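See structure below.
As written, the chains take the letters A, B, C, D, E and F, and residue 1 is the first residue of each chain.
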Amino acid sequence: MPATEFDTTLPSIRQLQNWIKQKATVEFKLMTGDVIVGKVFWQDINCVSIVDANNEQISVWKMAIAYMKVRSDAVVERDFK
Amino acid sequence: MPATEFDTTLPSIRQLQNWIKQKATVEFKLMTGDVIVGKVFWQDINCVSIVDANNEQISVWKMAIAYMKVRSDAVVERDFK
Amino acid sequence: MPATEFDTTLPSIRQLQNWIKQKATVEFKLMTGDVIVGKVFWQDINCVSIVDANNEQISVWKMAIAYMKVRSDAVVERDFK
Amino acid sequence: MPATEFDTTLPSIRQLQNWIKQKATVEFKLMTGDVIVGKVFWQDINCVSIVDANNEQISVWKMAIAYMKVRSDAVVERDFK
Amino acid sequence: MPATEFDTTLPSIRQLQNWIKQKATVEFKLMTGDVIVGKVFWQDINCVSIVDANNEQISVWKMAIAYMKVRSDAVVERDFK
Amino acid sequence: MPATEFDTTLPSIRQLQNWIKQKATVEFKLMTGDVIVGKVFWQDINCVSIVDANNEQISVWKMAIAYMKVRSDAVVERDFK
């Protein structure tokens, strides 16, 4: 079985599910140093699929994620930029 | 069992299968920083096999993939370059 | 199953639980080189959720943590800054 | 069980077996950035053993491989160098 | 289950237990490049807890350790510094 | 269970056992970029213990090894240095 657990009652899995429902803008910092920012489209045990500001759909492998957080300035950015 | 799950009903696995059928040009960013661009030839639980623009077949280990996304400019590139 | 063990009797898991109760300021050094400092909000088998000084909630994947330690200067920092 | 699957019917495992039979010159890009080029001597669930141009036998851990591909210019190199 | 094995009859686990008993000064080289030096306080399947020269307690995740060795100059350092 | 397999009939495990018996000088390239050179003292499922030229005993975690190979120049080095 994979390096992550996919039990929908886990806080880490529910958090991602909530971000999908809320259409939250989330920042993912990857092990490569890349930062992917976008809305979470779906997750499964292997990957998180993110749609970024250019409408590109990116499938990030969970094993490659260092951390993830909601972009608190996301609404402002969309309004004024 | 390996660090990834290979269940053909999973979105991450079906996405790769769809890319094979559609002959989509996909970009893979690896943990090494390398970017491999090409058409997906096959996948199994360990690897994704990619055929790049030089017709080289490259087997990428799934554990080494940070993210993957369809190249939206791929059709244009093939037409005008 | 995931790359970490989540048994609440383990010292490593209890230590995180104690930090939650004590509202300790903890430093997490990640595999990316990033240092995340904040209070531990929750943990599950995949992630540790941290609230930093800017009140941002960050979910760090356990697989990405190199080490963690209580900030001994945290109380002083809160008093005099 | 290890981070990779060793089922000899898998394409990724059969590919390595074919390279052994064909005495193909294969390039392995490792997570460290190292590139190992040589003929595959054996594989097991943990490692791939490669014999390079200096006749050195190198055991590469599969978990450390980012990608692998046949060197298309290998025959030419052996002929003219 | 985690990426490491925690069987107290294994040499790697017993070595850490001996270092705890002997209050040995041990150097841990991490995947991040960090070097942590100190006495081993406890270990479990996930982590090794180290107390360094500043009396800070650091929990290092085993998956993040590249190597570990006793500091042969540790006694001298404590005597003459 | 750990990220590596420890079955003493596997070529990768037997190779390490042979190096112990032959007191071979072996080079280990780690994921950190470090190169550890020495004689293999013992192995278990987690670690390989190496005694280097300074007689230091180093426990390398198998997950951190990129590749390993016998130093072909080792005898010469010991004779003439």
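Methods note: a residue touches a chain if its C-beta (ideal position, glycine included) is under 8 Å from a C-beta of that chain, and two chains touch if they have at least 3 such contacts.
Chain identities (UniProt): A, B, C, D, E, F = Hfq-related domain-containing protein.
Being a predicted model, the structure only gives us computed values, none of them experimental.
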Topological distance between chain A and chain F, in contact steps: 3
Chains in simultaneous contact with chain C and chain D: none
Copies chain F and chain D - interface residue numbers shared by over half, same or different: different
Centroid comparison with chain C (C-alpha atoms), farthest chain: D
Distance between chain centroids, defined by C-alpha means - chain A, chain C (Å): 20
Rounded Å distance between chain A and chain E, as computed from the means of their C-alpha atoms: 35
Two or more partner chains touched - positions in chain B: 1-3, 30-31, 63
Touch-based graph of the chains, sorted into line, ring, star, complete or other: ring
Going round from chain E, first to chain F: chain order: E, F, D, B, A, C
Residues of chain F that touch chain D when the two form their complex: 1-5, 10-13, 15, 29-31, 33, 62-63, 65-70, 72
Complex contacts: residues of chain C adjacent to chain A: 1-3, 30-32, 34, 36, 42, 44-47, 49, 56-61, 63-64
